[in-house]
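Worksheet for the structure shown next.
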Amino acid sequence: MTTLLGLLALAEGGEHAVEVVTDPGGFVGVLADFAWLIPVVPLLATFAIVLVGKRLPLKGWELAEGAIGFVAIYAVALLIANWVTPMAVEHHIEISRIGSLPGLGDLVLEWGWVVDGLSIMMFTVVGVVGFFVFTYAKGYMEGDVRFTFFFASFSLFAGGMLVLVIAPNLIQLIVGWELVGVASYLLIGHWWEDHDNNAAAIKAFITNKIADVGLFVGVIILGITVGSFRITDVLDAVARHDSALAAVAFWAGLGLFIGAMGKSAQMPFHVWLPDAMAGPTPVSSLMHAATMVTAGVYLVGRMFPLYQTGGMADDVKTIIILAGGATLLLTGLIALVQDDIKKVLAYSTLSQLGYMTAAMGAGAYTAGLFHLFTHAFFKGLLFLAAGSVIHGVHSNNMSDMGGLRRFMPSTYKTFLIGSVALAGIFPLSGFWSKDEILASLSNDASHGGGAAATLVLVLAILGAFITAFYMTRAVYLTFFGEYRGDGHPHESPRVMTYPLWGLAALAAVAGFVNIPGVYTPFTEWLASRIHVMGDHHAGGLNWALALIGTAVALAGIAAGTRLFRRDAATQAERDRFRIPVLYPLLEHKYYFDDLYLNGIVGPIKGPIARFVVWTNQVVIDGVVNAFGAAARFASGYVYGWVDQRGIDLAINVVAAGAGEAGGVVRKAQTGKVQQYAGALFAGAVLLVVGFLIFS
Amino acid sequence: MAFSDWITDARNIVFLVIALTMVGGALVVVTTRNVVHSALTLVVVLGGSAALFLMLGAEFVAWAVILVYVGAVVVLFLFGIMITRAPIGRDSVRLDHERRWPPALIALSVFVVMAWSTTLAFGSEQISGGVIRTDAIGDLLFSRYVIPFEAVSFVLLAALIGGIVLARKDPDR
Amino acid sequence: MIVNQFLVLGALLFSIGVYGVLVRRNAVLVLLSIELMLAAVNINLVAFGAYVDDAVAAGQVFALFVITVAAAEVGIGLAIVVLIFRNRSSANVDELDLMKW
Amino acid sequence: MTSYDPIVAMHHSESQVSVELQTPDMTLNLGPQHPSTHGVLRLIAKVDGERVESIEPVIGYMHRGYEKLAEVRTYPQITALVNRIDWVSGFANEIAFVTAAERLMGLEVPERAQYIRLILTEMTRISSHLLFLSSYPLELGAATPLMFALRDRERLMDLIEGVTGGRFHPNFNRLGGVKPAAGGGSTQKTRVQDLPAGFLADTRVAIEHVYEVCDEIDGLITGNEIFHERTRGIGVIPAAKALEYGVSGPNLRASGVRFDLRKVEDYLPYDRFDWQVPAGTEGDCLDRYLVRLEEIRQSAGIIGQAIDTIPSGPLQAKVPRVIKVPPGEIYVRAENPKGEMGYHIVSEGGRVPYRVKIRSASYSNISILPWLLKGVLVPDIIAIMGSLDFVLGDVDR
Amino acid sequence: MTVALAILDNFWVFLVIKLLAVVLVLLGFSLAIIYAELKIMAHMQARIGPYFAGGRFGWAQPFADALKFLQKEDLVPDEADSPVFRLAPAVSLMSTVAVFVIVPFSPTLIARDLDVGIFYALAVSSIGTLGVLMAGWSSANKYSLMGGLRAAAQLIAYELPMVLAVAAVVVQAGTMSMVGIVEAQGGTALFTIPGTDIGLPFVMVGQIVAFGIFMTAALAELSRIPFDMPIAESELVFGYLTEYSGIRFTMFFLAEYAGMFSMAALATTLFLGGWYLPGLDPTIFGPFVMMGKVSLLVFVMIWVRVTWPRLREDQLQSFAWKWLIPVSLANIMVTAVLKVVL
């Protein structure tokens, strides 16, 4: 097989290295060699849309759809190939040598692509969900003033996400990371005419940036300690217990995880995600539910050998599992009280991300990523369905909805499928993945995870109840009862409902790829990597926990039904739900935003202000008063003698002197460049002469 | 190294001829009373520098100087001069400042200092260099120096746009 | 050939350029003198490159960069001169004293 | 200074800047000796770079005082003067003058003479237009059409020479008819030899060649993209402007005014033939070229019909030996190849006219130049001047 | 005999002989092209052309013309800037002559096969612009100045697409040496007709766009119709050549025709496979094959001159900047990508 350099090799002089662990060979090998096309095609589509999009018949949508369709097909082909023969191929192309750091070798700027089970799974998620969402967005964004720009940004996001996923080195990963950040900023602020949307975009960006500091610190520590930014090299160093790395691994792992917390919106960085719902719903669906926010989980998965039990940074796991546990419960609770349907889903997303993170923290690599996989489908679906509702009702608020199942049957049915899947009811996909997480947590608790794992297991079971509860509430408030809004709701066009059905189908069956102990291809997909995972994965189906989980979910549904079933939507009825203490807490989202504003920004601002006031009041005023008193005493004396006789004379002399001198010196300021240049050269000569003489 | 030793090398004779031509040309450039003559004499100096580059084995740079400087930069100069005003014969307008001695003094001291310091530093070190092939330079430009290369190309693009923006007439006016 | 002969020639050309920059009134001539200085710099760079004779050919590559930047500088500089000429019907530097205090 | 309004001040300063922002104008003298001025015309052009700011034609380098000369010449002598006005269409110049004199005298021109006049006029028209077809592409840089067009113009010149004895200055018209061939004299004999032997057959051949060369030039030039670039939308004369400046002939018709004196006036029997008046739509250089190309074909058609139907009969009406024109005043105009050619004759009854005022086509046609050339590029000056197809003799007289 | 051989073996003597050969070849070809143009134009324009000079077919017409020019008075206008005026034709002629150094007629028949051959050719031919500007400015004539300015603007505008078109070829061939470029078209595995070892010239395998751009730019560089605005005699009398006469005019005249030859030779080398023709041994037939191809291109140039009108300066500029340069850039990109991928 000849070496296929790809476009990037145009930057001549770079070396092209291939690392093949499991060579698929043949056509599949070609497929893997050309995998660089996966991120490049959407990025090219972005440029093409920007350049010619507006002149195309469908205003650039066709380019975006074509690109994402290409990705979807390519990803599915790779998935099937990987299913048949597991593969793990890495390509690295040297772009430039950055130069060497003292004491270390050359740091090389590389570009490359890694094709293994993990990245293929992510391609599939991005490609397939993306394909449905792009299709849906055609209908949703129809008539928008910045229709073309929307798809350019969306395509940019897809490209960036794929750059991130395909990255075999940390620098490229950061490039992708920031590309999706930019795309997220652009898309959250898509309707920037409204100031709130603008603010939300900025908030998301800044929150992520703060967390990114952690990522950068982690990457720099790893790169400099190992001497290479290649993930493979880093993980090799981990595997051979490199002593230099061992010393800093905890901090590097923590830094990376902080970055992951930002992107995956773990507490306390979760505040940006609900606000990000200001963007168009397809954006919320693809980026802020299915793919982008899972980048953090992906990062942890990609660097998993670092975190795994026995890995160098396995102390971080406790932080990970606690962050996940806290997020999954607390954000789930907030979802209970939201009126905005997208916010409900957003907090639900936070909660589910908490599940994934917790699973990673429990060392359950497969379980966390499996939940990522299924969640992408059903949460993408839920957002799209919510978007369809919003499209029909022209409001985000559930208090303006109700009874929509009669008007929007397709949306209703698909939303219901998504909700049930999210709640984790057998046999839909959510059941399998959530159950695996519970099983893994329990497994971890009994295998050295300690109290943290046990605590989080309890939280997760509680979370399952809450999940079912708020989804039931959302379904009832939206689709049952009387219609409370204005106008006439209508079903969305077919370009929007077909993707709903497509995703609904996937949400229903996606769980069957990993039935513990029966049929587990998903586990095998993820296992095809260069570095072996020490996966704390529960081997079989934990019947007890499955039963408990299902029972809890059913209980949640029952409770929700009881509360919200019959015309639940009247305001008075819903107020029954307001628990005296908890409700305000939840409504204000645990005062996190207030905390940040008043707790972090405020304390910085406050003391400065107070200090200034204090200085002014006490120090300066005191000094001034003292001086005043002294001066009043002195002046009488001084006026007579010093001022009148001494100073006035001196001042007059000085003033006259200054005036004269100014007149003289001013002539040097001719404004003529050449005189300045002459002075410059003369000065340089004097300097050099001085240097030569005195050295 | 004695001058007699130095001058016996045929290459040094060639160098001397070229160098004297260049210096003479350079003096004309800064003293002539005619703008166009000044620009045309600059061509002689640049041609001389290209010849020196050939002597030093820097073939690509030599032809690049011819192509860019003589073929484009000087032509651009002449173009600019002729568009603004193209005096034929002696220019009636004063081209120099009244006082010439202070600049001459500064220039002289710059020369003395530079020549002094290079002589101090290099004495009579021989040039060892052989020909560096053009493809080697190409490889270097695109690997080790790729970032400065991109930066320079960006500068050039910016200059292009800037030049257009500055020089074009606003069609509304 | 010794290095210093090139370096001294470069110094001489450079200082002639300095003289031109300082003494010329016409902006175009100032630009021409700057070209002279840049040419001197190039001679030095290439001479150093031949002296060091390393594989990185930094001298020649930098000379190429200087040529490019000089081309950019001339483009912008001449555009400015043309603009000044249009505005003030004169390209004399000493009449441009807008920076004067 | 009453009050300070910043907006007004800004506009004021901007307007000052816009006045300042101009490169110095250069005065470019095109002519009097210049390859493209068709004689001695001088254009004083103020150019900013290549763009013309203003243009001032200076005429009169060829002034020969024909109007004054005509006051001391007899009528037959004047015909020898007037065919030198537009020297590339000498025969056509004579027609309007003799018609005017004939009308004052009340002479009836025999039909055969009228046909001969018509055939020769149209041949002159074709030869004039062929000259345009050769010189205009040449001015735009294409040298080949010159050779093609002149080759076939030569056949027509030979035919005209065969009939009249002169290539450019035939001096063939007589008051009351045309001059018979050698030895014919001023008689009413019917069997006098008027046209040379084989003239009609040769004319047929020549016309076929004219059609051919038209097609050739059509293929070579008309479809050429560069030619279109140079001529389309260049030098547009709107119909109203053309009428305002008194532009006539093909230049007027190119602007869309379907006005042809051959249809309007009845100085020659054009109404007996089937032909069209071609006209353009845009009034640009391309249209002027196309109109002339089509006029050649129409004229060739007229000649073809005329030689098929030429009647036999006397060549001249009965005229007194000493020609004296009765007192009176008349203006007769005819369609010259260049446009409207008219003579205003004031007679006091003697052998010489009291006053002859010549209205020539080119003079009116180029009077539009200062308006037309404002703001064009220097190469367009040539393209536009060439497309107007003027002759300096016709301008200066 | 041996002494003669020894003298020939000397580097300098051989160099002088080579250079003399170049100049003679150049003169011969230029005169031949002038004659060819006279005859071809005449026949295309339904004329016969020169007929008497030299007895048969007017073969001596170019010599007669040259003699006539040589014996004319060498006028220098009173107001002209005499040294510049006198130098301009030499600069112009020199730049075209210098190109001949690297024109290869066969694998061995080449004055000097430079490492950066084509780059040298482009650099040297760009000096011609300077000669034109000098001529235009020093003549102290407004037509000359306008012609010179037009020529300079035009040459700058067309230098770029030409260099870019050549760059695509260089990328594909992987060398700037003229011999190397020809050989890249002749012998490598990349461009052979399948089943044989006969090479295909570039123009058949993808550089057809660059070929078109190069020929267009060459016509513009030579100021030939349809790009002869600098000397457009119907507008600018004779542009920058207006004030020239006698031997200096002859030098410009010669420079134009030598330029035609050198541009055609460059195009042949870059795109048409130089001395290669399938089935013919390059060492023996190389020069003849090369000359045949060059003649073909020269004929096309003459043909174009006979057929087309000239463009306008601004149209030429916009054509160069808005079409040729983007197209040639795209061509480079496509070439580079294909080069890497294939």
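Order as written gives the chain letters A, B, C, D and E; numbering starts at 1 within each chain.
One rule holds for everything that comes next: a residue touches a chain if its C-beta (ideal position, glycine included) is under 8 Å from a C-beta of that chain, and two chains touch if they have at least 3 such contacts.
Remember, predicted model here, so these are calculated numbers, not experimental data.
Peer 1: For the pairs B-C and D-E, output the one whose chains share more C-beta pairs in contact.
Peer 2: If we tally the C-beta pairs in contact for B-C and D-E, the bigger total goes to B-C.
Peer 1: By CA centroid distance, what chain is farthest from subunit D?
Peer 2: Greatest centre separation from subunit D goes to chain A.
Peer 1: How far is the middle of subunit A from the middle of subunit B, if each middle is the mean of its Cα atoms, in Å?
Peer 2: Their C-alpha centroids are separated by 54 Å.
Peer 1: Round to the nearest whole Å and give the separation of the Cα centres of subunit C and subunit D.
Peer 2: Chain centres of subunit C and subunit D, defined by C-alpha means, are spaced 61 Å apart.
Peer 1: If you average the Cα atoms of subunit C and of subunit E to get two centres, how far apart are those centres in Å?
Peer 2: Between these chains, centre-to-centre, one finds 33 Å.
Peer 1: Which positions in subunit D are in touch with at least two other chains?
Peer 2: 17, 21, 23-24 - these are the residues of subunit D that touch more than one other chain.
Peer 1: Which subunit A residues sit where two or more other chains touch them?
Peer 2: Those would be 674, 678, 681.
Peer 1: Could you list, by residue number, the parts of subunit D that touch subunit E in their complex?
Peer 2: Counting only subunit D, the residues touching subunit E are 26, 28-29, 34-36, 50, 137-144, 146-148, 151, 220-221, 224, 226-227, 229-230, 377-382, 386.
Peer 1: Under the stated contact criterion, what part of subunit C meets subunit B in this complex?
Peer 2: Those residues of subunit C that touch subunit B are 1-9, 11-20, 22-26, 28-29, 31-33, 35-36, 39, 42-43, 46-47, 49-53, 55-57, 59-61, 63-65, 67-76, 78-83, 85, 91-92, 94.
Peer 1: Spell out the residues on subunit E that touch subunit B in their complex, using ranges where they run on.
Peer 2: Per the touch definition, subunit E meets subunit B at residues 79-81, 84, 114-116, 119-120, 122-124, 126-127, 129-130, 133-134, 137-138, 140, 145, 148-149, 152-153, 155-156, 159, 163, 175-176.
Peer 1: Contact residues on subunit C for subunit A in the complex?
Peer 2: Listed in rising order, the residues are 18, 21-23, 30, 93-94, 96-101.
Peer 1: Note which residues of subunit A are touching subunit C in the complex, please.
Peer 2: Touch list, subunit A to subunit C: 666, 669-674, 677-678, 681.
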